[in-house]
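What follows is a group of structures, each given as structure tokens.
Presented sequentially are two complexes of subunit A, the first with subunit B as partner and the second with subunit C.
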Partner chain A sequence: MVRLKARCVRTNKLFFPCFVSFLDGCGACVYVCRYLLCEVCVSQRSKLQLLEEKAIFQAVKSAVAKAHGEYGAALFSIGSKVTYLNAYTGVVMLRFRKAFYQLLWSALPFINSIGPQGRKVPCFFNCIYVGGTIKTCQKFLVRYDRQQLYRMLPHCKTGAEKQEVRRAVQTCSHSFYKATQQEDDDDDDDDGGEEGEEEETIVL
Partner chain B sequence: MSVFMDLNIIAIADKAKLQSTIETAAHLGYSTVAINYVVEGQQKKQLIPKPQPVAELFEKFPIVQGKSRPIKVLNRLTVVVTDASHFRLANAYKDFDILAVFPKTEKLFHAACMTYDVDIICIAATEKQPFHCKRSPVNGAIERGVHFEISYTAAIRDSTMKKYTIANAINLMTTCKGKNVIVASGAEAPLEMRGPYDIANLGLVFGLSEGDAKAAVSTNCRSVVLHGETRATALGIIHTMKRPQPPSEQPEEETPAAKKAKTETD
Partner chain C sequence: MEEKSASYERVVYKNPSEYHYMKIHLVLENADTSISAEEFKYLIISGLKDLYGEVGAAIPFDVLTFDQTALSAILRVFNSGLVKLWSALTLTGSYANKPCAFRVTQVSPFLLALSGNSREMEV
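Right after this comes the complex of A and B.
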């Protein structure tokens, strides 16, 4: 377990594979995880900037504890983590152990607000994807964010906004294809995710 | 293929809020929603509300997430029956696409399952159901194609309600074994909606199996909508409707046509 943790820190955070197996003296030790990509929906998009990993972790923790009691809290304390947070698009990636992710997931609909007492942001979690690895989640997220850009296009009021979104769509699709081509060529792929993030920052 | 539906969005007078709720539903990936008008049967002469025409709600309906077509909006009526006289013949309710009934006593629950011409039977979410769901009426309802509805908004709002909702849901599931169940929101505000995948997973808490929970937000809802359509028609085979053309000019045009036809036959 200690070795697993050390490895987790050393590797790139976004590309840490979930399916970690390493042969020890005692035998194979496998942890299978599930990654939940959730969208945090708020009434005003500007409130998304207030999101923090810590606050989300606390909100999920208390929701699980409230829904499933001490048993749920105990399960949550094993291997659960907020892996990724994008405060611009409001996408959160949560990591749970596969053995009981459904139980922990069933507590997520009961989250009403995030944040410390007094500065609560009313919101809700909408799960958009469940993946087995971070890589598949990322692939999905790039595709999903591009869809959001297409959805954004008809809502643009001014011409400048329209141009901006159009440009973002073009750049992201170009880089996406480039990234996928590179992926096909050689399996060493560090492009996909970064492109995904780039595209999101362009828009907002 | 799965098309998600949410057949319970409470109709509120605030049009902007209703619009934003429906927009949220489209964003979450629901391709059909139903606006729910609730009628309490307390008064002697209950007033059935006129449903607002759906086309007036939006100039342009929001596009569903992941699909390219706009969201479909239906009208639904829920009749709360505390006495047998509160439920009238189906003719009075023909303006609505879906008809639901919320029985308060065991006798009415039995009648709703076996005889009432409805699409949905609501299960209490804000109080402990005062009666036990018996096997025979529930089986009768399943045979007739009537569905049972669990709404989850009350559970999200308050933890006591959550207890009641889960207890009533599990009580029902032990009887109907997960068949003919739909899970709908009953939302009044946009932040009370939840995504379809979350609800499918929440079904596990309500005692549904994985497949049944997914069917509760997709295929079962579809059969409710189709059942609602058959109510307006004769067994779903024949459907009569008024001709939309104005009748003023028709007789003048028709007579020459008839004459012409005669001359042709001669």
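Right after this comes the complex of A and C.
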């Protein structure tokens, strides 16, 4: 085992029921990680549908290898993953090890296209949030997407579009917002005693 | 007249130098190969680029002296880039598709220290 924080054990037990046995058995590696929530900006939004997890992983990998050489590629090869991809909104969540996430993050601005040869989609990465857990990223993303809906409203051309967006805004601001708010409050009560940023670890 | 006792002061010289100096020499398989100073520096930069990418290739360092016959040189590098430069030198393995190696003879924060080498001293 490489590293373990006392306050991480609880999280790990929740996410990895086999965590304890992992520790008892062979020396498993436990890594603290950082999640980068990035927006993939493309000129034509229809091109977003072409995005795949594998293609994004390859694009990030080659950008890291180009900017930081074999050293960077080696750091990237352990513990990095595309955790989440939303092809509709173009939001990607990348997981890096905490010790090296800044180095790997610095390579992201050098990505200018995604996809295999011949079907390249020109784009750039815009990092919108850095979180310690998937949960904090999800909370941020819900808030962010809601803001995006409000921003969408003035750009609607037809009445039907406007109506649709308005309906979406209403649903998320009433039922869903209340539900998440309730959940947030519950969470705050749970970990009220903890200080600092939440972290979760991965077992490799 | 009472003699004033000598007072001693302990002076700790904390390294104020922002540079490190490295004395290195290049070992080529074919000893006849001649290499210019530009090619020598390019070899080091390409070694840095392989290992640390474009960010590594931008690490500032200078070739202060280069001896074309012995293929030895003195490099000056910022302290922050020393480890990267050293590791890139170690992992450089070929020049013009022929095996080669860099031997690091001396490393010091003071250029003067490279003027002599106690290991080669004959007493």
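Everything below uses one rule, namely that the second predicted complex is superposed on the first by the 151 of 204 C-alpha atoms of A that agree within 3 Å, B and C clash if a C-alpha of one lies under 4 Å from a C-alpha of the other, contacts with A are read in each partner's own complex, and residues count from 1 in each chain.
Just so we're on the same page, contacts are C-beta pairs under 8 Å (C-beta built on N, C-alpha and C of every residue); 3 or more make two chains touch, one makes a residue touch a chain.
Computed from a predicted structure; not experimentally measured.
After superposition onto subunit A, partners subunit B and subunit C are found to sit side by side with no clash.
In the superposition on chain A, A:W105 makes contact with subunit B only, not with subunit C.
Of the two partner chains placed by superposition, A:Y88 touches none, neither subunit B nor subunit C.
Of the two partner chains placed by the overlay, only subunit B lies in contact with A:R151; subunit C stays clear of it.
Touch criterion met: A:E70 reaches subunit C, while subunit B stays clear of it. Legend: residue contacts after superposition of the two complexes on their common chain; A:Y31 is shown touching neither subunit B nor subunit C. By the document's definition of touching, of the two partners only subunit B reaches A:C127; subunit C does not. Contacts of A:F57 after superposition on the shared chain: neither subunit B nor subunit C is touched.
When subunit B and subunit C are set side by side, the one touching more residues of subunit A is B. Of all C-alpha pairs spanning subunit B and subunit C in the superposed arrangement, the closest lie 5 Å apart. Residues common to the contacts of subunit A with subunit B and with subunit C across the two structures: 66-67, 106. Across the complex, subunit C is touched by residues 65-72, 106 of subunit A. Those residues of subunit B whose C-beta lies close enough to touch subunit A in the complex are 24, 27-28, 63, 65-66, 152, 155-156, 159, 162, 190-195, 197-199, 201-202, 204-205.
Of all residues in subunit C, only 49-56 touch subunit A in the complex they form.
Across the complex, subunit A meets subunit B through its residues 41, 43, 66-67, 102-103, 105-106, 108-110, 112, 122-128, 130, 147, 151.
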